[in-house]
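So, here come the structures, one by one.
Shared chain: subunit A. Partners: subunit B in the first complex, subunit C in the second.
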Partner chain A sequence: MRWLLRRGADAFLTALVAVVLLAVVVHLLPGDPLAVIIGDRETDPATRAALAASWGTDRPLYSAVGHYLAALVRGDFGVAMSENRPVATILLERLWPTMLLGGLTLLIDFTCGLALGLWSALHPESWRARVLGGLTVVGYALPSFVLGMVLVWLFALEFRWLPPAGLLDQTLPLDASLWVRMADRLTHLALPLATMVLATIAVPFRQQRAAALATATQPWVLAARARGVAPAAIAWRHCWRPALTPIVTLLGLWLPMLVGGAVFVEMLFDWPGIGSLIAQATASRDIPLVLGAGVLLIVMVQAGSLLADLLYRLVDPTQRDR
Partner chain B sequence: MTTQTKFGLGLLALLTLLAVVGPLVAADPNAQRDLLNGTLQPPSLAHLLGTDEFSRDVFSRLASGARISLGVAVVAVAVAAFLGMVIGLAAGASDGGLSGLLRRCIDIGLAVPRIVVLLVLLSAIGTVPMWLFALVLGATGWPAMARLIRGETLRLRHAQFVAAARALGAPEVRILWREILPGALPPVLVAATLGVADAMLLEAGLSFLGLGAPPPAASWGGMLLESRSVMAVAPWLVLAPGLALVAATSAATLLGDALRRRLQPDAK
Partner chain C sequence: MTPLLEVTDLRITFRRDSGPPIVAVDGVSFTVSAGEVVALVGESGCGKTLTGLALPGLLPPGAELDATTHIRFNGTDLAGLSEDALRGYRGRRIAMIFQDPLTSLNPVMRVGTQIAEAIRAHQQVSRGEARQRAIALLGEVGIADPEERVDSYPHQLSGGMRQRVMIAIALAGEPELLVADEPTTALDVTVQAQILELLDRLRVSRRMAVLLITHDLGIVAGRADRVIVMYAGRIAETATTVALFATPAHPYTRGLFASIPRIEGSSGRLPSIPGTVPRPDQWPIGCRFHPRCPVVIANCREVQPPLEAVATSHLAACWWRRRRPGEHATGPGRRARQALPRRRIPQRQCARRARRRGCLLRHRSR
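Our next item is the complex of A and B:
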């Protein structure tokens, strides 16, 4: 318990300094922060000054960062300059598409990927395992958005089976039945999800295979086999469990994907999630929106590593004394 | 040497050939040949990989893009490895307050999301010269490297040969340089080779968002961005830079794996 408190305080401090650093970088950038609002319109100095005062862009650096932190502590993310709406509202809107895509990707990666990796480690000589191993080298190196473009070209443009982009069909009649809506959502999800899974699944697969291969040659596995333990029990109890540690690390590292999404994939598929929000907000130089999304990511990174450390202690009892 | 290693070396040789010799023998990558009839030509003998929407030769662009994409990735990784080495060594070898402070710096560096910083910096700079792009990419990549080197340094600090050097009266700087650094290098080399693949993907992705080499320069990510709007009629415009990227990242991954097997036989 003491350990958890110390580790939590550590994570909080790290996140805090990271937020301050990010805020400083964003505020130090050259250029007019009011350009998002004013655009090409002509403004007189008095209007500019009033705008600057109301948005707080006239503050010096330390005061701007201080104000931002003070508001953040109260749970106030500020107002997005490009949309004139609270940043928190926009983040919440964008969160569920990202969580849907990222969550399903994590789920498939850490079920199918791990199962295939374990199976490959138990049958290292079979031709299926060899083919799988070769495929994952390519999968490991495959850039997600290149894969996404090829999938769009094949399935959306050539065969016209699936929609190329977006979250749902805007032209769908309002009185469409639930099934039609569900089918619409699923067809829109198919390509981005396939892209994310195919581009990432090689990593847990290879980790699991390497770890399980290492345990498969350990004396306790041989002993279990000699005692006549069923192969399924050997795979599950004796190979899989000791091979979990690297998987836990990976899970902690990937947890931010739930909220951070994949910027490039989301942009390619016009997926209205946090990843594409970050790209759009930086392109339009909307300081509060960029910072809000950044804070969300920073918190998730810390939460991920905290969770990984917690799981370590569950999986590997020798870690508990440290 | 395994088949995988040979395959990786072969890919590396091909890509080096493309980047070094390609631009010398290929036509001008920016020449717009025939805007009336010569746009979006499929691959032929005259244009091995076809032409793009401005009737430019895709093979020439792929070759000149190889210089940009590979060059940026290698420079970025070198910068990240150098910064990581200095900070990681200092963090691992120092004692007390300084060591704690540096460890905290590495943690914080890891906590700041790299993609957000990259997007913010690159969109603020606007038109980015390639050397600056590589520098920014490298300067945001040091924390992972530093953590790795710090760990290695901590492990080696208490090794017997280091204690022996100290007992012989070697100065601390010499111990760091001659005893600890060579021991910490193998994992760094492996991580750097694998890191080239990551840097290349980031470069291509950022170029794909329009933040990379400004047109008309050809980088592989930029070519993908340009091909996106004409993908339905000219899929070869996606395949050429896409396959080149896959080949390059595969080479880096395969060679990184090979190095790991050679240099760290006990690590899994």
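Our next item is the complex of A and C:
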């Protein structure tokens, strides 16, 4: 319990430092933040000054950062300049598509990826394992937008099996049945999800394979065989289970993907998630929006590493006595 | 009476991608009777560990038994059995304990679970009952507070305790043969003695046969009924422990004796056999020991010596004994040569010599 408190305080402090750094960097970005609001319109200096005062862009750096932190403490993320709506509302809107995409990617990566990795480790000589290993590297090496475009070209343009982009079909009648809506969502999800999975599955796959290969030669595996334990139990209890520690590290590092999403994939598939939001907000110098998304990411990174540390203690008994 | 284990012509080869296969164990034959303790002695790399692993079919990938090899256990030839059938023998009939108790236990499993795993591998018992038996076994191998220790993880136990747990695991299947591969090498000297004591006690109470694999002739004394000395994949000498300690016939065995540290009269450097065991792909022609042997004659460089009777149930593979009158030895170590016996030793002296060499003759003859 004391460990958890100390670890939590650590996480909080780290997050605080990260938020301050983020705020400083964003405020130092070149370009006029008011350009989003003013656009091409002619404005006189007085209007400009009034606008700057109301958005707070006329403040010096330390004051701007201080004001932002103070607002954060009150739970106020500010108002997005480009949409004139609260940042919190926009983030919430964008959060669930990203969590859907990122969550499913994580789920597939950490089930199929780990299972395939373990399987390859148990059959290192088989040609199937070699082909699999090669394919995952190809997926990992290709930039995700190239992979995505190839998939779109193949499945959306050539075969016309799947929609090329978007979250759902806007032309769907409002009274469409639940099944039709579900099918629509799933077909829209298929391509971005496939792209994400193909681009990322190599990492858990290779980690698991390497870890399981390393444990397979450990003396305790021989000892377990020598007491007549069945092969399935050997693979599971003596090869897979002790190889979990590096996987937990990986999971902690990847948890932010749940909300961070993949900027390229979301943009390519016009997926209304946090990733594409960050891209748009950065392009339009929407300071409150960029900051809001950044804070969300920082919190998730900290939550991820905190969760990983908790899982370590679950997975590795030697950690518990520390 | 047929022996419990009868190994004939054990030959283990490693296939290689390039070049001819390597023969790591080359025609080893021996028997172990029920309840008997046989020590398999030799330096690292002589093939003794592979021999132990071959019995329950646990050879590493790439290693194969020769077609002429037979491993008869209670009449069944294990060499021809499938992996599934062998699994029924592992732990249940032939159990093993290993050199390093730290890494031979799964670090993320409680020790009780690992003992229970060994029980449940061969018997249909509930988890609760397996746990109760695990606690009883922990008590039997001399672990204090077995009810608490059963839930410990390996890292929470000392090296000696971990080896006790390994022994408890080995006992779980109530085996007839225990293969103990260097069971005390990784332990402190005081703990070594305790573990050997424990093994001795359990062997008697459980009527187990033990194949004790070791590089240390010192721990063989007073424990083993018979000794098999291996060198470079072959048997160099085999005899009852008393006979071997009293009248070692092979120069290699004598070299091993000379390098046992003695408490009394420790002066100067401990003598050692010059050189190391050659790798299996570099075994010399003729007697494999001849490059290190103090008493080499012409035959040693050309023909492999057969394992021949020196006395009743005492075999050795050495040409020196059969040298022609006047034939002189060449080779390293003049002093070692001087230590060679020139005549047969009378029976009376035999026991005295054995005692001096550390053989306590605690064993009753069977």
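We adopt the following convention: the second predicted complex is superposed on the first by the 320 of 322 C-alpha atoms of A that agree within 3 Å, B and C clash if a C-alpha of one lies under 4 Å from a C-alpha of the other, contacts with A are read in each partner's own complex, and residues count from 1 in each chain.
Just so it is clear, a contact is a pair of C-beta atoms (placed from the backbone, for glycine too) under 8 Å apart; a residue touches a chain by one contact, two chains touch by 3 or more.
Keep in mind that what you see is a predicted model, and the values were worked out from it rather than measured.
In the superposed model, A:Ala15 makes contact with subunit B only, not with subunit C.
Shared-chain residue A:Trp161: touches no atom of subunit B or subunit C.
In the superposition on chain A, A:Ala233 contacts subunit C only, with no contact to subunit B. With both structures placed on the common chain, the touch criterion links A:Trp220 to subunit C but leaves subunit B unconnected. Once the two complexes are laid over each other on the shared chain, residue contacts for A:Thr282 go to subunit B alone; subunit C is not touched.
Taking subunit A as the reference chain, the count of touched residues is higher for B when subunit B and subunit C are set side by side. Touch criterion met: A:Leu29 reaches subunit B, while subunit C stays clear of it.
When both complexes are overlaid on chain A, the residue A:Pro317 reaches subunit C alone and has no touch with subunit B.
Looking at the complex, you find that subunit A touches subunit C at residues 218-220, 222-230, 233, 237-238, 241-242, 244, 315-318, 321. For subunit B in complex with subunit A, the residues that touch the partner chain are 4, 104, 107-108, 110-113, 115-117, 119-121, 123-124, 197, 201, 204-205, 208-209, 224, 227-228, 231-232, 235, 238-239, 241-242, 245-246, 249-250, 252-254, 268.
Chain contact summary for the complex, subunit C toward subunit A: residues 56, 58, 87-92, 95-96, 98, 100, 103-109, 114, 117-118, 121-122, 153, 155-156, 166, 169-170, 172-173.
Within the complex, the subunit A residues that touch subunit B are 14-15, 17-18, 21-22, 25-26, 29-31, 137-138, 140-143, 145-146, 149-150, 152-153, 157, 210-211, 213-214, 256, 260, 263-264, 267-268, 278-279, 282-283, 285, 290, 293-294, 297-298, 301-302.
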